[in-house]
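Next up: the structures, one after another.
After this come two complexes, each holding subunit A, first together with subunit B and then together with subunit C.
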Partner chain A sequence: MRYLVNRILQSILLLWLSTVAVFGLVHAMPGGVLAAFANNPMLTEAAKKALIRDLGLDRPLITQYFSWLGAVLQGDLGRSYNTGQQVIRLIGAHLPPTLELSFASFAFALVLSLVIGVVSATRRFSWLDYALTFLAYLGVSMPVFWFAVMLILVFSITWPIFPVQGYNNLSNPSLLSNLHHLVLPAITLTVFFVARWSRYVRANVLEVLGQDYVRTAHAKGQTRSKVIVRHVLRNALIPFVTVFALDVGSVIGGATITETIFAWPGMGRLFYDSLTYRDYPVIMGILLISAAVVIVANLLADLAYTVLDPRIQLA
Partner chain B sequence: MQVAKAAAAQPKADTQWSLAWKKFRRNRLAVAGAVVLIVIVLLALLAPWISPYPPNAIHPSQQVLPPSWQHLLGTDTDGRDVLSRLLYGARISLLIGFSSMLSAVLLGTVIGAIAGFVGGAIDAVLMRLTDLMLSFPLYLILFVLSVIISGGITKIVVIIAILSWMYTARIVRAEVLQLRQELYVEAAQALGASRRRILWRHVLPNALAPLIANATLLVGNNIITESVLSFFGFGVQPPTASWGSMLQNAQSFVISAPWLAAFPGLAILITVLAVNFIGDGLRDALDPRGR
Partner chain C sequence: MKQWSLWVGLMAASTLIPAALAQSATPVRGGTVVDSLYEEPDSILPNAGAPMVFAEMVQNTLFTPLLYTGPHGNLRPGLASEVPSLQNGGISKNGLTYTFHLRPGLKWSDGKPLTSADIAFTANLWKNPQYAGTSKIGYPDIASVSTPNSTTVVFHLKKVFPPFLYAWANYYMPVPKHILDHTPPSQIGVGKFLHNPGAYSGPFMLKQWVVGDHITVVRNPYYYRKGYPYLNSIIFKIVPDQNTQLLALKAGEADIGYFLPITQYSLLKSMRGFKLTLGTVPPGWESIWLNEQDPALKSTKVRLALTYGLNREQMIKDVWHNLALPIANAQPPGDVSYDPSIKPLPYDPAKAAQLLKEAGWVKGSNGMLEKNGKPFVIVYSTTSGNPWRSQDEQIVQSDWGKLGIQVKIVNYPASTFFGTIVPKGKADAMEFEELNLPSPGLYLPNFYESNKIPPNGQNYEHYNNPKVDALIHQMNVTVNPKQLMHIYHEIGRITAAQVPMIYLYAPPNLAVNSTRLHNYNQNNFAYDTWNSWEWWVSK
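Presenting the complex of A and B:
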């Protein structure tokens, strides 16, 4: 119980620190908050002054921070400099594509990693294990964006099976067309995660396979598959929860690279575009939300860890 | 006295490292990785002598030529020889990969050692800072920092180091905390050994196995991070060749000139693969539990 309270307090502290970091970072950007307007020739000196006053930029930084924090706590992330839309709405509009892409890849990656991890571990040092291990190494060793470009090259250009970019058929949008557009970005992310996760699952399964209770289960005469699913997998997955939660958390903030390359209109793409326009309210909003998701995911993973494994008693 | 001490210390240190070396040598993937990496480093060092063309020489009449005997890997959008740029690019990419690893390890060691030795409020502050750094998705913060910090290759090294010291700090801190309870460290402290001496004599040698493995993997990760930065236009700027900046140059010509995108990517893949094989081989070889 004390651990629980401590852990939650720690997360709240981290959340607050992340607001300071986000505010500090964005204000450290060259040109400051006004960079987005700096190159606008229509902006007269008087209009600029009015803008500074309207945005409250003439106040001391610490006052600005607290008024920003106060607004954030009420769910108000400000308005985009670029479109004038509320940042929270803008993010809300870009969240579904990110969720769609991430959950599709998570689902595939999770299933594949489990299968690959178990097969590799139970047939340790077989040619299949070596082949899967090598593939995982390949996946970890290549830049994601390059793999995405190669996928486009092969499956959109050499053999035009899938569209190069985009989210849907613009003139005739449909679910089918959306899924068609989803395939390549989802493969990119899936490969990225499977390469990491499958190694982790393999190591954990190997560890559990050596435990006494697995031998006992075998000795009781249970079938091989039953032992794997009931005893091995369940226990091997507990440490994996942390890794999974962290990766899930960081991708909700936008699979920046994948989304940018495939012009997938999610949070990552929005972030990249906002950075190009120096659209600070949007940048701050996305940074803040993604950090919050990671912190909460981390907390939940730690809590789940203690619930799933009764042997762990963190005082 | 000095001689006797050295003689007594010698055989133990010798067997520990020779054992690790023996284990490493038996790992065929790790050895293959080491050979490949040495070849790549040699090619990078020898770039001025073995490049068939100057890397930045522009030839408007020879733009985007496919691979041929004249240009083994073709030419890019400015008629520059891709092979030559790949060799020169190796210097930049490897330089960034290794120097950002060194900076990150140094930074992480200092932060981890301070947190572990001083403890209390300073430890809490440094560890929350570590948590905070790990809370932001890597690429979001990478792009933001590259907008804030300006400068050439040094800037890229600094940014990558700022974003990759955290695990080193955690490893060193954990080692310090564990060792502070060891009797021989207490004895050393009682004898008046300074913290710096304890750090060098006891903490770092003990933490060496995880630190070396982690540092090796960092080189690979950092080479990839450089390529991402440069690919999105935040990193190495034209006309300087790095593997990432070559990929950026290739971006709009993927359809008409696929070799422009393929070769730098393969160079990254092969190098990072080699580094990762070495890193995992080192981790297994140096692991005292000997798995």
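Presenting the complex of A and C:
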């Protein structure tokens, strides 16, 4: 319990430091929020000054930071400079598609990488291991934007099975249509994660397979599958949980490339657009939420260690 | 001439023939068109937010201006019943009073009457220094607005402003007083109305905006053109990746693609079920703005040498498939002040070398130019990630290199380039495109007047010519259209000869639309949705 309280306090400190970093970095970006207006021959200097005042950008940076932080503590992430909408509402609109895409790809990727990793490790140096290793390297090496476009070319243009882009049928939206639209972006992300994760699982399983307790389990006459699931996999998962937690956190911030290519209206798209327009409140809102999710995911990962291995004590 | 003939040929093939076929068919009511947008609009409230092509495209379907420009730049009445002029008394002889008469019985999409009070409210909002609109040009010149009756609005100006009619044309569409007048002006342009203005005067009205995904507009039952629009709805689908946009068009998921990249020309040309249009004339012009803060570029001889020494024909041929037009100044073909007697300077490297010699630049032992021991180095910048600009840069680097000039290329993301590099003059030569504005009175002062050097305007080249200043001053107090045209041409002649910027070409605007969509016609002075009320789809 004490450990948990300590970790939560640490997390709050870390989150605060991340707000300072986020605010500092965002404001250090060249161009500035008025870049979108700068090349506008129709806007007078007086109007630009009025805009700066309306957006509160004429105040000292430190005042802007504390006024932003004060509002954040009250649950107000501010309004988008670009569209005037509340940041919390913008994030609220973009989060569900990202969660849907992330969970779908995580679920498939998790199952596939465990199976591929274990099969690859238990049949080490077999033709199957070589084939799976080759595919994993292929998956890691393929740029996401290229693979996504190839999927579209094959499954939307050559064989028009899935839609090219979008989140749902615009004239007649339905759950089925939404799932139909989900397939290609989910495959893109799944392949990316399977390629990475299956290598971790393989390496960890290989390491555990050589342990004395595994040999003992075999010697006790336990079946091969029981040994793999109970003794090998459980121990092999501990380092993998760390990688998984980090990836979960990063994807909540949005799979920018995948979402952009498939016109999937998620957090990655929102982040990309906000960066383009130097929409500080939105950028800061997304980064803050991503940082929070990464911190929480890591905290949960630490707690998961104790479940996977009772020898680990959190004190 | 070659470019012109190809241009005309393509126009005939891609625009005129389908247009003729479309005219022979009978319009059908109903149906939905999906228009793919490369960027999500920032605002659907007119004259709010940053200037943005895709925002104005959507706004055009939702609101109607007092006047709008047809494909050839001529003003037509929108909410106004006629275009004010000296002849019909709409413009007073001293050029200080403009009277607009509204069509009778106009209504907003919520059924409330649209009257002169809405126009007066809009004018007072846009002229308010607290309101940060997209454009403030012309509105601060309004001394007062009067509304003698519900269909008449009279503007009294503080001083003559010849392009005043254009301050009420196209994207500068009146906004609903009954929705906005309870909100302080400083909050209207940065708040919730950007996404939901509440009432509409255009052929369509907002049904739904799913942020990041699509905007659906549906037929406005109170639209003033009886029987229009033909379509039930238009869905603006946001597809932020241009490859995906093309694939979505190919798969039949969208009917329209606008502002498409020239690099995809071959693909666009051969897309089945679609027709490619290039616009009747190009909507903008690309140029290299030469920063005269660099002492070398202050010399007219050097600027002329850089122009003679750059093979712009090669850019047009190799980069633009001969579809771009050569230009001589900032008043390109299609602009109302275009003067065909002013010809673009030819490619003449020998003359360029001679001019550089006359300006005191001589070749050193390494074959590069130098003056007083200093090498001739030009820092060249443009927006990164534009394939055609990268190709332009290669031609610039090679051609100027042959003259003995070292060209250092440093490119930036658009926001940094336009936000910092261009206004602060952090490069010697800056390449970018300007879009055509309907009246030269709106842009000539901004580009060339010496008091418009940043931060007071867009004279990024720091050009200072007392004769041009005097002409601009004269232009700002002239009402007579013939005299105005004479001044525009005179400025055009001087700037073509002095080249404060190197005028490269006017690129075409590539758009495709599905063959089931009819009456899709590009307009040089407005984006493609300008006539969405007459779009219709075959069943």
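The rule is short, and it goes like this: the second predicted complex is superposed on the first by the 270 of 315 C-alpha atoms of A that agree within 3 Å, B and C clash if a C-alpha of one lies under 4 Å from a C-alpha of the other, contacts with A are read in each partner's own complex, and residues count from 1 in each chain.
By definition in this document, contacts are C-beta pairs under 8 Å (C-beta built on N, C-alpha and C of every residue); 3 or more make two chains touch, one makes a residue touch a chain.
As the structure is a computational prediction, the values presented were derived from the model and not from experiment.
Visitor: Please indicate which partner A:152 is in contact with in the superposed arrangement: first for subunit B, second for subunit C, both, or neither.
Guide: In the superposition, A:152 contacts both subunit B and subunit C.
Visitor: Using the touch definition from the top, say if A:283 reaches subunit B (first), subunit C (second), both or neither.
Guide: first
Visitor: Name the contact category of A:138: first (subunit B only), second (subunit C only), both, or neither.
Guide: first
Visitor: Is the number of subunit A residues in contact higher for subunit B or for subunit C?
Guide: Residues of subunit A touched, subunit B against subunit C: more for C.
Visitor: Mind working out whether A:250 is in touch with subunit B, subunit C, both or neither, as first, second, both or neither?
Guide: First partner only, subunit B.
Visitor: Report for A:85: first if it touches subunit B alone, second if subunit C alone, otherwise both or neither.
Guide: A:85 sits against subunit C, while subunit B stays out of touch.
Visitor: Return first, second, both or neither, reflecting whether A:165 touches subunit B, subunit C, both chains, or no partner chain.
Guide: second
Visitor: Looking at the overlay, does A:294 come into contact with subunit B only (first), subunit C only (second), both, or neither?
Guide: It touches subunit B, and subunit C stays clear.
Visitor: Counting only touches as set out at the top, which of subunit B and subunit C does A:260 meet: first, second, both, neither?
Guide: both
Visitor: Figure out whether A:270 sits in contact with subunit B (first) or subunit C (second), or with both, or with neither.
Guide: A:270 sits against subunit C, while subunit B stays out of touch.
Visitor: I'd like to check the shared interface: which positions of subunit A are touched by both subunit B and subunit C across the two complexes?
Guide: 30, 149, 152-153, 157, 260, 272
Visitor: Using the touch rule from the top, collect the residues of subunit B that touch subunit A in their complex.
Guide: For this pair, the touching residues of subunit B are 128, 131-132, 134-141, 143-145, 147-148, 150, 220, 224, 227-228, 231-232, 247, 251, 254-255, 258, 261-262, 265, 268-269, 272-273, 275-277.
Visitor: How about subunit C: which of its residues touch subunit A in the complex?
Guide: These residues of subunit C touch subunit A: 32, 34, 39-40, 42-43, 49-52, 129-137, 140, 186-187, 189-195, 210-214, 216, 235, 237-241, 243-244, 247-248, 250-251, 253, 412-416, 418-420, 422-423, 432, 437, 442-443, 446, 455-458.
Visitor: Hey, which residues of subunit A end up touching subunit B in the complex?
Guide: 10, 13-14, 17-18, 21, 25-26, 28-30, 137-138, 140-146, 149-150, 152-153, 157, 250-251, 253-254, 256-257, 260, 268, 271-272, 275, 283, 286-287, 290-291, 294-295, 298
Visitor: Please output the residues of subunit A touching subunit C within their complex, sorted ascending.
Guide: It comes out as residues 30-32, 34-48, 50-51, 54-55, 79, 81-85, 90, 93-94, 97, 149, 152-153, 156-157, 160, 163-167, 170-171, 260-263, 265-266, 269-270, 272-273, 276-278.
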